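Below: one structure, written as structure tokens.
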Amino acid sequence: MSALLSLSHVTKVYRQGGMLGRRLITAVKDVSFELGAEPEILSIVGESGSGKSTIAAMILGQTEPTEGELQFSGRTVAIHSRSERKAFMKEVQPVLQNPFEAFNPLKRVDRYLFETARNFSFSGDRPDRQQAEKMADAALVHVGLTLEEVKGRFPHELSGGQLQRVAIARALIPQPRLLVADEPVSMVDASLRMAIVNLFGRLKNELGLSIVYITHDLATAYYISDNIIIMRKGEIVERGQARAVLDNPQHEYSRALKDAVLAADFSVAT
Amino acid sequence: DDYTSLPRKETLIVENPEGTIKNPGWFNIWVNGGGGVSTGLQQLTMDTLWYIDPEQGLGGATWDNSLAADKPQYNADFTEMTVKLRKGLFWSDGVEFTADDVVYTVKTQMDHPGMVWSAAFSVQVASVEATDPSTVVFKLKKPNSRFHAIFTVRWNGAWIMPKHVFEKVEDPLRYDFANPVSLGAYKLKSFDPQGKWYTWEKRDDWQRTSLARFGEPAPKYVTYTDPGPPDKRTIAQLEHNLDIIHDNTPEGMFTLKEKSKTIETWFPGFPFAHPDPTLPAVIFNTQNPPFDNADVRWALALLIDIKAVDMASYRGAATLSALGVPPTAATMKDYQAPMQDWLKNFEIDTGKSKIKPYDPTVGQQIADILRKQPKFKDQIPTDPEAISGAFGYGWWKPDPKAAGELLEKAGFKKSGGKWLTPDGQPFKIRMTVEGDTRSVFTRAGTLIAQQWAAFGIDAKAVPAAKLWQVALQPGDFQVAIAWSVETWGGDPDLSFFLDSWHSQFVAKKGDNQPPRNWQRWSNPELDKIIESIRGISADDPKGVELGKDYLKLVAREMPTIPLMSYNVFTSMDTTYWTGYPTISDPYTDPVPNWANSRLMMVKLKPAQPK
Amino acid sequence: MDPLVEIENLKAYYRAFLYGVDREVRAVDDISLTIARGEVYGVAGESSSGKTTLIKTIAGAIRPPLRVVSGKVTFHFDGGTQDIYAMKPEDRLALRWKHLSYIMQGSMNVLNPVRRIRHSFTDFAFRHMKVGKSEFLERVATHLQRLKLDPHLLDAYPHELSGGMRQRMTIALATILTPEFIIADEPTTALDVIVQRDVLSMIREIQREMGSSFLFVTHDMGVHATVSDRIGIVYAGRLVEEAPTAKLFNMPLHPYTQHLVGSLPRIGDATARPSLEGRPPNLAMPPEGCRFHPRCPKRMEICSQKVPPLVTVEPQRRVACFAVTGDQV
Amino acid sequence: MTSYLLFVLKRFGQFLLVVFLGVTITFFVTHLTPIDPVEESIGAITQMGQSDPNAIELMRQSLRELYGMEGSIWQQYLHFWLRLATGDLGPSLSAFPTPVSTIILRSLPWTIGLMTVSTLITFVLGNAIGALAGYYRKNMVMKAVSLVFIALLPIPYYILAFVLLIVFGYLWPVLPINGGYEMNANLDLSVALVLDILKHSILPAFSLILVGTGSWLIGMRALVSNIITEDYVVFAELGGVPKRKILRSYISRNAMVPQFTGLAMSLGAIFNGTVITEIVFGYPGIGNLLIEAVHAGDYSLVLGLSALSIVGVAAAVFIIDILSPLIDPRIKVE
Amino acid sequence: MFTIVRDLARQNMEFLCGLLLFAVIVGLVVVSYFSPYGATDIYLLPPDMPPDGEYWLGTTSRGQDVFWQLTTALRNTLFFGIGVAFISRIISLVVGLVAGYAGGAVDRVLMAINDSVMVIPQFPLLILFYFVLKDSMTWTALILIMASLGWSYDARLIRSVAISLKTRSFTTQSVYSGMSMRKILVEEHLPYVLPIVFATTMNNMIWSIGMEITLSVLGFTDIETPTMGMMIYWANAHSALISGIWWWVAAPVAVIVVLFLALFLLSMSMNEYNDPRSRLNRMGS
């Protein structure tokens, strides 16, 4: 069985048109990695602007790599038709970075749950309202919410944490094989953060879901991920088994990153 | 403001109905270059051989030998015309006017297609020469007893060109004639580069012009201006900033009469307006069924309640005419009055009955109606003669029954209150009206359409902003309100319009009709009348008899339904000037855009000491 | 202790009237606390537990639908006493920035996008400085350098700066007048860990130098551990525990705090962390009694009936839990 | 090449395309009109008392030749572009042989003068009141003032202008109501003439300002009410920045960005002229010229005027597009 | 729906005023169907009667009752304005949203068309159409022509919003919720541009009705069907202002002003309703 996702020599160059001239920005430089057929959680960590989100966008098929190839389930990620796109989206779902931005402020948040439920049903038929609500509720329960709490609410009526959980719940509804979570917990409080991270672990185990987990938070990456990639300026500086790498970082940058972590452990902080 | 204005007491300010001139610096009247014509240019600086006044004229006759010393002399078969010219007339630059100018005018235009009178000369003139400095002989290509008409001014005519100016010009078609050299008593003083006003100044040597025969023109300056829409004209005249309004809405006229003590009008009381020698009428496109059928046309005429139309359009201030000539003072005398008896006895056959449709008392009835309105009470004449002169004699009685019979005779049927044409279609009439341009016509047309509609015809008035170009000329209309009859006004000769009604000139369906005979009506009897007129000279008394034949013919055939004169609401302010033409001193048409209005200049008197 | 700010029985609710449904969110429900001069007071708590609301209320940044239902906030600036709600609006305005600056949540997006940053400094601070223009700019430049920001950046537009730089700019803006009291809402969220560490140490440095008091909110316990002198834990609109930082981390008393501290992952420690059961209470319909009791592993009979009072258990240390204080209090 | 230059070039190409399409559409629509300039001219000439139908036919032929109206519409279309390429708009057909450009240039300064001034005043006034009304939403004075302008907005302009004219020209005759300057004015440049011209422009400008202010006001008010909820405004308020400063530098500055696009459009649309103003106040300008040209079937002139207007609006859009990255620092060139 | 209206009316003074004014307009339109006189009939009544008990708003110089003329004219004008606004809103929404969302070649083609329409001078074009179409220039035709001229500026406005909406992450969220482009445009982006649509609707109606009046005043429309423009046309043709028949002019002007104040107040309060943030702003105060 082939790998679920593989990137080989992927490079992404952006043209940044400033007023004063065009700059070419190599957001991702010759990156290769694989997600095995077995469910796994891959963390991508690294400084701001190191190309993490760009990789996520490429995995999600939102942008095409300038060079190199991405394959999902052995097929090149290149979306041409609507049905292809839909089939792809059923397998790969995103969790976006900023929960405040991820919901149309003029629409109720539950709408996205129902829409997803209706558009990606498993039986093939479009589920009716009641079924959709059930699916939505089930997904919400996974993230520590209930439909009752969310139903009829506008985004500004929920806190960022609540919103993010709704967003994750939505991504779970199609029961995808791969979740691309770009800093999904940066807006979520510490106790919930664990709930979500634990949830990722559970989803991996119970649903066989692979997760690309992009984060700043080395501690959660350490806690949950199987493998880790440390990036800097578009390049992978270090990779390997998450705990091995973080326990004993080799690359200078990895070490700096680890040192910068503010341990929530009072004895350490002085 | 005083710093800019000319001395008001020496200036006559006149409305130019052409409005704002698009190409203000263009004075070459012999080329249609977008410049104004009635900016004073044709009234005050142009001159030609003869004038016929639409009213009585000065010097005892409507006919006036202007540059010519005498009437035109034709040979026996009307193929040659000799003109004797006056001596001692000068252009404003001091050059003497001679026969060479006349010859040059004709030849230059013949050589330059595109000049205004070029085609008219080319079609008719075989040769022209000056046999001596004051004699010009025209040889014509074919006989024409009215060839002189081209040099006879009613509204305007073929003006004489200054040879000494134009011969220096490379291409007369492209020459703007800036600083126009004048043959009239005035010359250009200044004009608005935006085309809103033109001011003319009395020539120092005004004695050396043809107008001097009648005396010295009074106004030192004459300004022709575009005062804007009717309401603004009214305001301007109320403030004494505009001496002559060319035309107004009836209501504007009433307002002026009510609010200003110094307003003078053609009729001192109702209807105030001056009857233009044009005849608004319901014009049928007789080339198309069912309007090719006289019975249908008559039926529609009998459905008109002229009193209501009069009130709607002119609010009573109209001079009615049942006959096919405009009811001007002259035609009242020559045609309308003498034909009253014939009209009273005139009969039509509806197929089921014979009726006498004429109601000779309509003029009186309208006067009675108006007299009931307290506002106008004292302004309505009581003398029957005066009433006929002001409001017209009579008109056709509304007779729906006879109209129905006529329609049935023509094969129409009434079903469910609606009239159907012989082929079973609803009888639908679209009456094209002119919209804002001549709003009184529009008002009349709307009401007539409503009267027809009340009879079960699907009739409706639709406006066409460019009525002539868009509807009448291409024949793209069913029924329209416009005029197709216009006369000299002061002279009974009908050839002015009638000649072009000959069937030889009627365009084929779909082709453009020259701006004559919009009804596209051809009739062998009419052709005979026209040919007879062509064979006699313009002042042959037989002309009036032939004119009456024409009137009887069109009364029977009804190719157009004559309504009333085109009453022009000209008002004159006596604050600065007196001596305007009115019904009591009808020396000329008060309408200031006609070239004859030059006569006013010598009759006006300053109302205030300098 | 020399109190700078005293908050007494503060209640602030959101009232929303939508589609005919009246909803009242009790985001701050009876909170009392005191912040000393020169102290860094951290507020932690779950998302939507009312942290932002609490500090908005303290800062007097109240706009509908938020309403202060009761309570009092008193400042002791310049040795005086100012009751922020009883003050005239223009007096309150006079306090701002000079004595009290407030860095809103989302501080990377609070600078006017169409003006150069320099103008923001002029708008906010020039009035109060009472110096000439050039001296003012000089002082700003010096201040920026302290925050490791290039003074040239003053001529940039906000969008030309990275998020971290913008946040530092905002912090610089808030500290330029050396106010006695600085309030900040999640000042380092979404920052790169490396940048975050720098920013935090700078804040700390400046605060020490100026001797200001600092009230800030974050749910990042690592940040608290680094910066705060004292931490207040908010749960569902209530202050449930308050303690000096070391004590809080080493010996949390309230079951929620215990969970919070216990659940923090650490590099090098891969033992499973429990996630808290249940879900955060709906503030529109908070549970009776102790608001934590539905999720509390130590819940007792009384917890669902009575609201546990915040009891001072030792100096500088308060907690609201019957399991700790006993139900007799 | 910098991307900005590239962007400008691309945008300029689009500008040319739009002008081309706009002029083409206008060309064909104008040539569809049933009004024939030759017939129009014949109409004018025959009014001078000529009725001989043979002569009229002759006249028709010679005028057709003179006006260069031979050839199919496609040939004329090609001819039109060829001529235009050399900057020649050709002779007017209703004022033959005067060049279209001469006729336009005579009226254009008036239109530009009146419209630019009144557009700018309208813009400033509308935005100022709109900003105040949006910021001080509860203020009764602001409410009343904006309501007045909003109520003026739908009044048919013709009526409004006429009422002004009657009030200031008749009932209380203090202002001139006709033309661009006094009748028989001495047109040599002088202070008196300039004052006279200004005086004559008061009513036309005033009427335009009265009707125009409302729409800017509405737009600005709406923008401002959105902007006051933005974080940077809230932050400035919390920072104790004086209200006036906030209104000016925070709210208005941000709201002006879209408003400038509108301003450019209105300035571009100046070349449409204002028909009703020109009719009511007898003010010289190209609006009336255009109507007359349409009436006379003078498609040379119609096309000349339309092309001017098309270029005007397209250029305004073009300029605002290439300037917007400079006006609004946030906009990045795509 | 009812509760929304009730809430709005209860809390929003503007909405209430707008609603009342609008009710007046609707009332007049409804009443027009019960007119005792034929809408185009003239000289049925004594002309120039000032307003009194019998003729509430007086009579015209054409012998029509101003009140009943007004009701019919209002109805026709309103249908005209709504027709133009409705059709042109649809065009501008479709063009603006699709161009903004689709981007690329679609955007360029649509914007080239859009800009060409935008730059064409409308007024001469309308008059040309009048000459070209002549009798076929019905009100329906005029509505269609006006609608096809009146969308482009607003489409550009909508497009600019659509472009920024496209980059918002809620659009990504919608895409991954499996929504179709149509659905995203209609349900996600449309409500975002609705305030623009509302605001432009009013401007569009002012524009189209103003244009109708201008064309009418210059005599370029059907002169029989009573509309606001036609009333003014006839009043003007009868020098009503200068002859003191002011009620003939004042009545239609007053009604137009009421109509637009109503529209303005409604659109303003609806915008606020549409945007939950500003809606919340007015609560509790």
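Note that the chains are named A, B, C, D and E in the order they appear, and that numbering of residues resets to 1 at the start of each chain.
Quick note on the criterion: a residue touches a chain if its C-beta (ideal position, glycine included) is under 8 Å from a C-beta of that chain, and two chains touch if they have at least 3 such contacts.
Labels paired with UniProt names: A, C = Peptide/nickel transport system ATP-binding protein; D, E = Peptide/nickel transport system permease protein.
Computed from a predicted structure; not experimentally measured.
By count of C-beta pairs in contact, D-E exceeds the other of the chain pairs D-E and C-D. Farthest from chain E, judged by the mean position of CA atoms in each chain, is C.
For the pair chain C and chain E, the distance between C-alpha centroids works out to 51 Å. Rounded to a whole number, the gap between the C-alpha centres of chain B and chain E is 45 angstrom.
Computed centre separation for the pair chain A/chain C is 29 angstrom, with centres defined by C-alpha atoms. Each of residues 229, 231, 235, 465-466, 470, 476 in chain B touches at least two other chains. Within chain D, residues 34-35, 162, 166, 279 each touch two or more of the remaining chains.
Within chain C, residues 16, 63 each touch two or more of the remaining chains.
Residue ranges of chain B in contact with chain E, taken from their complex: 229-231, 234-235, 248-249, 251-252, 254-255, 308, 311-312, 315, 430, 433, 435-437, 439, 442-443, 446-447, 450, 460-466, 470, 476.
In the complex of the two chains, the chain D residues touching chain B come out as 34-36, 39-56, 58-63, 65-66, 92, 94-98, 103, 106-107, 110, 162, 165-166, 169-170, 173, 177-187, 192, 196, 279-282, 284, 288-289, 292, 295, 297. Touching chain C in their complex are the following residues of chain A: 47-49, 144-146, 149, 157-162, 183, 186-192, 194-195, 197-199, 216-220, 222-223, 243, 246-247, 256-258, 260-269. Residues of chain E that touch chain D in their complex: 108, 111-113, 115-116, 118-125, 127-129, 131-132, 134, 153, 195, 199, 202-203, 206, 209-210, 213-214, 217-218, 228-229, 232, 236, 241-242, 249, 252-253, 256-257, 259-261, 264, 268, 271-272, 275, 277-278, 281. Interface residues of chain E facing chain B in the complex, by the touch rule stated above, are 40-43, 61-62, 127, 130-131, 134-135, 217-224, 233, 236-245.
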